[in-house]
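Two complexes, one shared chain (chain A), two partners (chain B, chain C).
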Partner chain A sequence: MSQYTFTSKSRYTTFGLMAIGVLALAYGAINHDISGTRFWANILLEGLFFTFIALGASFFMALQYVAQAGWSVVVKRMYEALTTFLPFGLLAIFAVVIASAIGGHANSADIVYKWMQSDATDIAKKVPGVFDEMLVKKHLYLNVPFVIIRTIICASLWVYWVRLLRKRSIESDLTGDFLPLHYKNVKTAGLFIIFFGITEQLMAWDWVMAIDVDWHSTLFGWYLFDDMWLTGVIATILLTLHVRRRGLLKEVNENHMHNLGLWMFSLSVLWGYLWFFQFMFYWYTNIPDEVVYFQARIDHYRLPFWIMFCINLLVPLIVLMTRDTKRNPRYLILIGCIIMVTHWIDAYVWVMPGTLGLTPKFGFYEIGILLGFIGLFLYVVLSNLAKVPVSVKNHPYLEESLHHHL
Partner chain B sequence: MSKVIVHALYDDDDKLRDGARRVRELGYGINEVFSPFPVHGIDKIMGLNRTRISICCFIYGCTGFSLALWMMSYMLIYDWPIDIGGKPNFSIYHNIPSWIPVLFESTVFCAAHGMAITFLLRSWLFPGVSPKNPDPRTTDDHFLMLTTAYSEQDVNALVGAANATGAVEVKQVASNDSHH
Partner chain C sequence: MHQDSIIREPLLLGKKTYHQVTEDIARPVEGKANKYWWALFFLAVIAWLWGIGCMAYTVGRGIGTWNLNRTINWGWDITNFVWWIGIGHAGTLISAVLCLFRQRWRLTINRSAEAMTIFAVMCAAIFPVLHMGRPWLAYFVFPLPNQFGSLWANFNSPLLWDVFAISTYFSVSIVFWYLGLIPDFAMIRDRAKTKSRKILYTLFSFGWSGRAKDWQRFEEVTIVLAGICTPLVFSVHSIVSSDFATGVVRGWHSTVYPPYFVAGAIFSGMAMVLTLVIIGRKVLDLEEYITIQHIETMNKVMLTMGSVVGIAYFAEFFQAWYSGDPNESFIYLSWNNAKGVYGWAFWALIICNNLLPQVLWHKKIRRNLYITFILSIVINIGMWFERFDIIVTDLYRDYIPSTWTYYSPSWVEVGIFVGTIGMFFTFFLLFARWFPFIAQAELKTTLKATGDLFHNPPRQPKSTDFVADHGTHAAVENVH
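The block that comes next holds the complex of A and B.
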């Protein structure tokens, strides 16, 4: 028996969390302090955070095919289940883009993407404080129809390829002739990785960097890419340990956890590297129109900004350095949860200063939306996980994975 | 009888592992294993102690870090302060973000080179050293395990273990070790 059951108790828990999220949404919609930018900024924040987990898992899934990795076969169903959240998260982000486009068309300043406001690029009126000379020059790339078209194309192709990869992977367990399916998946995974490598950068600019539209960093796409990859791997670790606690996936032993822990360790260090160098280059050159991004964060969001960086870099670096902690589920769960929380704070620092201004706002509304999205995420992932056996039956590298030893 | 070194030559790393495991099960120690590439898990089978090279690595890394810190504070604060891009440069605390790339590179440089040199010295591998490798085939596609026999009974057990695990060649070499 290798079927995960999504028990009614956990199902009702996720329903409860979703109900909290719906209540928070309703409260935000009628409360005048929240409805408007704060309402949408929170949806964008949670949409980004949870979509990035699903995207990281999708990339990780494609990477295992392209790299011909053997060890990861036994945990394949875990990251495949995480990818199923992708369409839901992308819809949340898309809703924010559309809401901003509609608000901007009506020339409202109460939107997430301020550059979409029609007066911002109106050369005839040149409204002081709203008109932005730089935006006029960027208009060829950064205009509302083009952003919407890009988002639709990228999101639908990602979802198409990721679902195809998972579908074929599940099919290969049902047929004896699984090798052709595997080789098809290797090709699809290669296509997806090439497409994703380019479009992920574009989407990082459109969805996150365009919030602070006058600031740009060529490193930003990579920085978000590492964030996706890391949170995807941590979610895989947590899901694997959860399934194993149910008495399933006996074939996953501490060697597989060691490999996943290595990913968590090295991606955390890479994250710290990218974050620090993005920061240091702006700090060092000290060009006024470039430092505004960090000025807002260091002067007004000091606590989340620095604490997030120190914890995200130092905790995994020190704790996960030795072999034993990477093989111990308790450490993996503890460090995984800490990094997840601080990466949520990281996402908060991406979105909030550019949308809500310089006073950090954190209250029941933020917590409610977060809980709602956690509920939705867990419901989608766990119900999809329960649909197929968690143990893989047919895979060319299954034997290698079962005997994986570090 | 005097000490005899049993040379067991294998053409496959899995057979080598089996042979080494058999020898250890019989209660004998393994002097040395020669192999053209690192054989996964052989150190545990041989019963080697955990490597201390990571401790060396830490010490060399700290050395590199301190050297770079000392070098830059001497050059940029004490000896010849230069105003770069309007950055305050008269204290370590204010300069440290811009020094991190150099500190990092120096740490990695010293740790990597220190480890490599330590490893080569500890293995006594440098130009002019006569090779300890008893059989040149172990630099190509063969694996050699050396074990020590002190009696006729030992020889029989060790040669038997080597033959039973598929050794392609088994030799007995009288030891010229003066400490027998």
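The block that comes next holds the complex of A and C.
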């Protein structure tokens, strides 16, 4: 038996979480303090956070093919299941872009992407405080139709390739002649990685960096890239351990967990490295139009900003350094959950100062939307996981993975 | 127990036994050098001596012998420094990072790659020391007590961070390299026929006895040193990039510099490893150890790193425009530079680093030794131009147009660079004759997993189409 069952108890739990999310949405829509920017900023925040998990898992899946990695085959179904959330998360982000575009067209300032406000680039009116000359210079790239077209092209191609990779992977269990499918996937994975490598930068700039539109950093795309990769790996670890607790996936042993833990460790340290240098160069030179981004965060979002950095770097660095912790499910779950929470705080710090201004807001609405997205994410991932056997039957590297030893 | 996939190619060809490995690797050390070796060696020594002459001239006459000027105050010197430091990185990546990730293919190339690292860092260190103008005062870079002078080292300066980063890197790399050499020296000691050889390699091998306790300590220290080396792969070039990125010169002040420099360093270092091992495997008759598959894997690493660098160029180019800052539109990656007097340097960078390496997407080319060899040299030229462009073409259009200027190196600057190349190859050629070129002791630990004599199960691809497509047999034929 290698079939995961999405029990009715867990299903009702996810329904309950989603219901809270819907309630929060309704509450936000009728409450005048929330209904504008705050309403959409939180959807963007959750959309980014959960899409990034799915994108990280997608990239990780493609990477295993092109790198000829053997060890990961036994946990293949886990990260494949995580990728199924991709279209839902992308839709949430797309909704925010569209809502901002509509609001901006009506010249409202109460939108997530402030640059979309029509007066911001209106040379004829030049409304003081709203008109931004820098935006006029960027108009060739940052204009509403182009952003929407870019988003649609990138999102649909990502989803297309990722679904294709998963589909072929599942198909290869049903046929004896699985090698051609594997080689097709190697090619598709390569294509996906090339396309993703470039477009991920664009989307990082469009979706996140453009929130603080006058600020820019050449590192930003890489920083988000590492964030995706890391949260995707952590989600894979947590899902694997959950499935194993159900008595399935007996072939996954501490050696595979060690390898996954190795990824969690190294990507966390890489995250700290990227974060530090991006911060340090702007802090060191103290140029006004660059440092303003960090000033807003340090002065007004001090607690989440520093807590997030210290925990995200130090906790995995210290705890996961040794071999034993990477092989121990308890440590992996503990550290994995901590990093997930603090990465959510990181995402909060990306989105909120540029949208809601300098006063951090956190209340029922934020919690409700977060719970709603958790419910949706778990529902999509677990119900897709339950559709196919969790143990892999046919794969050219299966024997290597079963005998994996570190 | 380890199990290899049916589609995994063997990493060690020619049905090697343990004894055969010993014989093959000891042969170049125990035999006599041929005339090609001597020819190359003399060429390298002459280049080195020429470089020493130019260095002496610089020290004697002063930095004025270089063509630096007040606008372009860093030129070939720092370009060469960054280039050499970058080349070193691939060695550490192969020996440390791939060790932590348990990559077996590293085992036949790690020794020579690490040797390359050490010699490259030595070449690099020459440039900042010479650039001081008064190298006899070089100790001022260390934080010495104030009795030695009026000022302590400036801890705010990335140039000082460089001193720590590079000296740490050099010392850890040399220890790591030497540690791996100890059992191999012992192997040569035990086979030595002459007395002088016996004494020499007894000294080198630190009394290695080959007992289980020795091996256990060896393994433990190896993994610890690999762990220490891994952050160094990142830290060294990140700190070198801080020399630029903490500055306020437009073009230099860019946050992507640390990861981009590290990727570029691995890119050029891997190219240099390829240049060296493609010759080395032929001359030393090690083609069954450093197989076409090794070359292909290194080409893949090179392609990946080249793409990372390419995306970073794209980000630099795009954000220079996106910033809306008129100054930014004159950075090294901008249309103004492409059209300007240094346009040739801009296009040399783009062609060598971005366009030509794209052929590596093709599997046949990745497995072609001639193209790979040419490409590895092209990439190193491209990476040299990257540093030249960053330094010179970010400086030559200063903020005041009256200071705009041009720079080309003097014969002394060129001579010093040629000298470091000579020094590098002198050391490398000596290394190839005196030291075991492949880490045979470590290689033997994986012989049963990756050698084709012990392979279990015997490799028999399931469908014939797959063989035609993916050339397992072609690879074997290529090698023989």
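Here is the rule we go by: the second predicted complex is superposed on the first by the 406 of 406 C-alpha atoms of A that agree within 3 Å, B and C clash if a C-alpha of one lies under 4 Å from a C-alpha of the other, contacts with A are read in each partner's own complex, and residues count from 1 in each chain.
Just so it is clear, a contact is a pair of C-beta atoms (placed from the backbone, for glycine too) under 8 Å apart; a residue touches a chain by one contact, two chains touch by 3 or more.
Model, not experiment: these values are computed from the prediction.
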| query | Given the superposition on chain A, are chain B and chain C in a clash or a fit? | reply | clash
| field | chain B or chain C, by number of chain A residues touched | value | C
| Between chain B (first) and chain C (second), which does A:I149 come into contact with in this model arrangement: first, second, both, or neither? | neither
| request: Determine, under the contact definition given at the top, whether A:L191 touches first (chain B), second (chain C), both, or neither. | output: neither
| Can A:L358 be said to touch chain B (first), chain C (second), both, or neither? | neither
| message | Quick check on the superposed pair: does A:T285 touch chain B, chain C, both, or neither? Answer first, second, both or neither. | response | both
| A:A106 contacts which: chain B (first), chain C (second), both, neither? | neither
| Clashing chain C stretch [against chain B; choices 44-52, 98-106 or 152-160] | 152-160
| request: Touching chain B in one complex and chain C in the other: list those residues of chain A. | output: 277, 280, 284-285, 405
| query | In their shared complex, at which residues does chain C touch chain A? | reply | 1-8, 100-102, 231, 234, 238, 242, 245-248, 253-259, 307-308, 311-312, 314-316, 319, 322-324, 462-463, 465-466, 469-470
| Can you list the chain A residues touching chain C in their complex? | 68, 70, 133-134, 137-138, 141, 177, 179-180, 183, 194, 197-198, 201, 205, 216-222, 262, 269, 273-274, 277-278, 280-282, 284-285, 287, 396-400, 402-403, 405-406
| query | Which bits of chain B are touching chain A when the two form their complex? | reply | 40-41, 85-87, 97-98, 100-101
| Complex contact set, residues of chain A against chain B | 276-277, 279-280, 283-286, 405
